[in-house]
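In what follows, subunit A forms one complex with subunit B and a second complex with subunit C.
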Partner chain A sequence: MAIPKTLKEKANKEMGISTEDARITKTYLFVAFMALLIGGLLGLLQGLNRAGLLELPSWLNYYQVLTAHGLLLVVVLTAFFTIGYFYAGLSHTLGGLLPKVRKMAWIGFGLKIVGFVFAVIPILMGNASVMYTFYPPMAASPWFYIGLALIVVGVWMCAFGAFIQVANWRKNNKGKHVPILSFFATGVFILLFFGSLPVAIEVIVMIIPWSFGWVKTINVMVARTLFWAFGHTLVNIWYLTAVSAWYVIVPKIIGGKRWSDLLTRIVIIALVIMNITGGFHHQIIDPGISESVKFMHVFMSLAIGFPSLMTAWAMFAVFERTARKNGGKGIVGWYKKMPWGDVRFLAPFIAMLAFIPAGAGGIVQSTNQLNQVVHNTMWIAGHFHLTLGMSVVMTFFGISYWLVPYVSKRVLTPAINKLGVIQTIIWTVGMVIMSGAMHTVGLLGSPRRTSYTTYGDNATALGWNPYLLLLAVGGTLLIIGVLLQVYAVINMMFFAPKGETEFPIAEEEEGASKTPYWTERWGLWIVIMLIFVGMAYVIPLTEFIVNAPPGSPPFKTW
Partner chain B sequence: MNQFFSGFLLVIFLALPPVAHLLESIMIVHMHMQMPLLVIAGFLMARLFQLRFPRFFEKWNGNGIPGILLFLIIIVFWTIPRSMDEALNFQSMEIFKFFSLSILAGIPLRDSWKKLSSFGKNAVIIIFTIKYFGMGLLYIKAPVQLCNNYLIMDQLTLGWGFLTTAICLVIYLLYVTFTDPTKYQ
Partner chain C sequence: MHREEKIWLTLSFGMIMIFMFITGYQAFAQGMAPPSNKEIIDPQKVDQQASFDKPGITKIGDKEYEVVMTLQVFSFNPGNIEVPAGSTVHFTLTSKDVVHGFEVAGTNLNAMVPPGHIQKITQKFDKAGTYLVLCNEYCGAGHQMMSTTITVK
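Right after this comes the complex of A and B.
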């Protein structure tokens, strides 16, 4: 039995992905980049509005646009990209997807698309301007929430498909370690499943009955807490996805070796275990949680910073070692030996650099006193355009320049590579300008999620104008970046010359110590994760429920 | 040595007055975070003792049972409300808490765990599961304050903490019962 299996795996590696598996990833990526296109255009509208250059019509107002922008980019782009990318990775490293798993990916796709349509229609009709966080007591049309619930169920389908695929491989490869990219995928899908449980409870148990009017009131604090248990986990799912490319793909592209296999797996396990509890750093200003409990939660959040720092250290070690092997000299002179002209390296590299200020901003926000300064200001928008809009999305862009040709059985031409490099530069400049302006104007007090207003020509508000203009300049550059990126993806998907593209996975360093088998004990990690979650959530949730205020009826604030 | 040192540092850190005060100011954190951390610290320190006194452990804890019994007794003692109260009221009890949980619970736990059969290990986890359900119900149902130092609300939170942990243990037991590691390993 074992021999044909490995043969099949070999064939899969040599001959590239099967058309059926490729179709899944291609479709997911196509949707992801369409979301980028539409979401980016909406972002431009917001940027122009905030600069006072554009008044949005009453049938498509700022808050409708903002809800759609958030949903398209935070949920659709990231979820579809992550699933498309990891399914290609599972197919490549585990010898092709099982037919059952493929079917689950398609059912999941259908559920997500139907859910998305359910969510978008109320937004367009002006019945769901609740932003992607949909905090009660703001209440949208129930169909909006039903759509969200369907999206979550669709994601679960894909998560379970991945679990089945990995379990099957392990049964056929007794005692072996799951290949590293699939190990990342396992961690990501575990987080996707367990992280979306709380939001599913929030939406299905609390919000839907309340928005239909079957129950009169809702416990706002419980809802927010369940939301952020999910929201924060989602952030780290993107991060883990990007990190998988930094650890596994980028070293191969620069012709180097992967960093310690064992430590990589420990970072993944640590992120999975400690992640969900981080949600509380989004509630530093919320009432009902005592300061000492908040303090301990911040401690937990910063603990997640530790594996992140390990990541940065590991990556720079890999770069330096590879560059030196290629003849790089001097303390810093080795950087000349990096392949700067290769978009598959350049984009994720800048993404990693952006993580330095992004991480620093995150530490600022985790600090109680500093959080009070920036809470709900444009600073926050600046922060997540750095983390998500740069660190994560630019890594995704970098991946697209080999993954799209790989699944389309085409090649990356020098012309598209060049376009990619230009795109990377434009995106970098645009995001630095836009996010810099957002950070600054936020410190000066400009609120987030607020369409253009001068507050009756108040002097402070007028002082924001130059920065808001700068924001629009950055946004305009970004939309050029969006168009170039989407053009590149469409070209690579449908028009580039036919050929074979490699799925770049770096080898382990020679003489690396053997990874112990306990890293594969996911059942144990999940139980430890659940104990962590239980410990972190039991204090605030008991407080919110036992000492609950009367609860709130739904409000339509727009 | 390295492990001993990190365990030792952890005890020192937990004993710092502001840290101890913060952790002890919340009932559930006192019992479900400070105490387990002390056990973990002892667990880490155990390595040095095992290397220094192999004969002692061989002689007194050959099959792991005496060690795990000592561990259980110490842990059960510290889940009694009265013990928590006394740790807060008397300096000597506080010192005994730090000493007993790290040295008398953490070290035997490490020495015994490896020696226990998988049946023995699961038996320990089952004992804890039952105890946690029991303590959880006690703390949730009790209509009066069980500790002089903590409010009923703290007690309720601790009760739910016990129940959630017990549920996690049940999940673990189901996982080891229904998955067959020989299929994978």
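Right after this comes the complex of A and C.
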């Protein structure tokens, strides 16, 4: 990054974040970690029920709990954390948020909270046990969908705020590269906007009129396809957020430099272009789509693996280089020179390691035949607890140990750092046990999203019980991890000693070649992205619309 | 770019390509493509349409059977199917209400059955035993009870 030019930028560097900007991030993070607390507790209830250890009451049954758990952790925790983190990044690297942008962040916050209340009340009342995926023709209360739509609009508000902020900076800094963290933010918010367009169409155009009874029937497959154009993009956006910390933050924390700036920007552009088309592998065993279209989609899904493999190289190269600079020796002996006792490094490092099996599992389950073996089994739940629950969320945890003190004008104490290290270990063990059990029992055939059952003491189903018990053991460890993490965040936000904390952004290596300016051409990347989306979705959507069966009326089957 | 990095990226790219070739070969040359039938049906009139008006199992050849099955909350019709060992069974499936999943534990039988579409999938049962058939797409309050068996003798 260049030396800050404007006075405001300089002041920002010297004195940290302005109170108004800090309040936005602090509020977003607070909501995120409350969602973790409640979502985590609900997760524990599920785990215990699934193992047959706990019978849930009829007024709070397994499917209500599961719907709320999914929404809280896949949407609320992640969206609020991502927005809070990137808004702090935009403020820090672009010289403070514009007053207009701040206002948009707050409007977005209000819309999301109101939307969330709208969505949660029907869940609690038992009128929306439809899961995070809400496949029609299951129909929840219309208010549930209105709530979801408001959440999406709230997210858009924050996306537009980020675009305005970045555009303003570019206008004042002609010919310069957007600082790398803000470049990541641009990619993430572009994906959040375009990725949530399909689900907005699904919910607003198709489901809401149908659930109110204004329209009699719905096209089930069109709705499902629009959902998955969004559903998988969303989790990949959270992953891209975590990746931003791997490239930009972690090298600084270990005292190293950033890996190639050009490669980093290419990885971001590639992930933005290829992401939305990846969701189709959720429909590999659906009827109504030809085998050749499915094969093309396998290719589009697997293509996303390539930038991740580039990331893997870049990360370990940075680690090795930094460790050797600090006196590390031998082919692998350099690992001793890594700051293992620093939670800000340890948590994201384990998160990266987890992405090796998580990514490999993802490649496996995206291919035609192997998908058929594991589709809708517990394997899938194991997969996204490894990817989201470890790679993404542990990176978020690692970020919290400097971001929360940074926006609270406090410091990370050695005691909280130690707590963080213990939390990281508990979380790792818990997730490895739980996700391992889920993968295994899924291979044996145990379905996901199913409350405790032995299918009438069927021998096959009884054979799954030991793994489900392990799942509950992992889940119990994880709730300890949740409590420690939430305690640490509350402590750093309100009670830790006052002081200045650095926003750690690594510098480029000395003598690095200059990044070409074409990387900044977002208009072009968006056009290419839309061409990819067109290639992927025009054929199946047209077929589902032209060759549509008579539609389905709404059902409430719970 | 460093030489090692180029090697790594070439290997990464090659790995994904090999994966694609194997997947494609198995799907198109060996007939292992995932279930992708393209017929449609009126989901509100399943009972009145040919073959689904009489769900059941029919012998269509030597050790070859056709099962016409409807899925509805929270059951499979017909249930408790019996076939001799070594039989090839062709399943023709549709849903009368919400989206269901058709999975037989211990086999590669796994297909989505959304309403309005007719799904088809085939399996050869070589080993004798009782196979658990279950719905693997959440379909409502009784989803965990939606199961039946296929007995291979």
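Just so it is clear, the second predicted complex is superposed on the first by the 553 of 558 C-alpha atoms of A that agree within 3 Å, B and C clash if a C-alpha of one lies under 4 Å from a C-alpha of the other, contacts with A are read in each partner's own complex, and residues count from 1 in each chain.
Note that a residue touches a chain if its C-beta (ideal position, glycine included) is under 8 Å from a C-beta of that chain, and two chains touch if they have at least 3 such contacts.
It should be emphasised that the depicted structure is a prediction, and the values quoted were computed from it without experimental measurement.
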item	value
Subunit A as common anchor, with subunit B and subunit C clashing or fitting	fit
Subunit B versus subunit C as contact partner of A:Lys498, first or second or both or neither	neither
First, second, both or neither for A:Asn547, with subunit B first and subunit C second	both
Subunit C, subunit A and subunit B - angle at the middle CA centre, rounded to the nearest 10 degrees	70
Partner chain(s) touched by A:Phe295 [first = subunit B, second = subunit C, both, neither]	both
Contacts of A:Lys514 with subunit B and subunit C, given as first, second, both or neither	neither
Of subunit C and subunit B, partner touching more subunit A residues	C
After superposition on chain A, the shortest CA separation from subunit B to subunit C (Å)	9
Subunit A residues contacted in one complex by subunit B, in the other by subunit C	290, 295, 547
Residues of subunit A that touch subunit B when the two form their complex	170-171, 174-175, 290, 292-293, 295-296, 517, 520, 523-524, 526-527, 530-531, 534-535, 538-539, 541-543, 546-547
Of subunit A, residues touching subunit C in the complex	61, 63, 129, 131, 135, 137-138, 220-221, 224, 260, 263, 283-291, 294-295, 298-299, 302-303, 305-306, 309-310, 313, 317, 363, 367-369, 371-373, 375-377, 444-453, 455-456, 458-461, 547-553, 555, 557-558
Contact set on subunit C toward subunit A in their complex	1, 5, 8-9, 12-13, 16, 19-20, 23-24, 26-28, 32-44, 73, 97-99, 101, 103-106, 108, 110-120, 130-132, 134-145, 147, 149
Parts of subunit B lying in touch with subunit A, wherever the complex brings them together	22, 25-26, 28-29, 32-33, 153, 156-157, 160-161, 164-165, 167-169, 171-172, 175-176, 179, 183-185
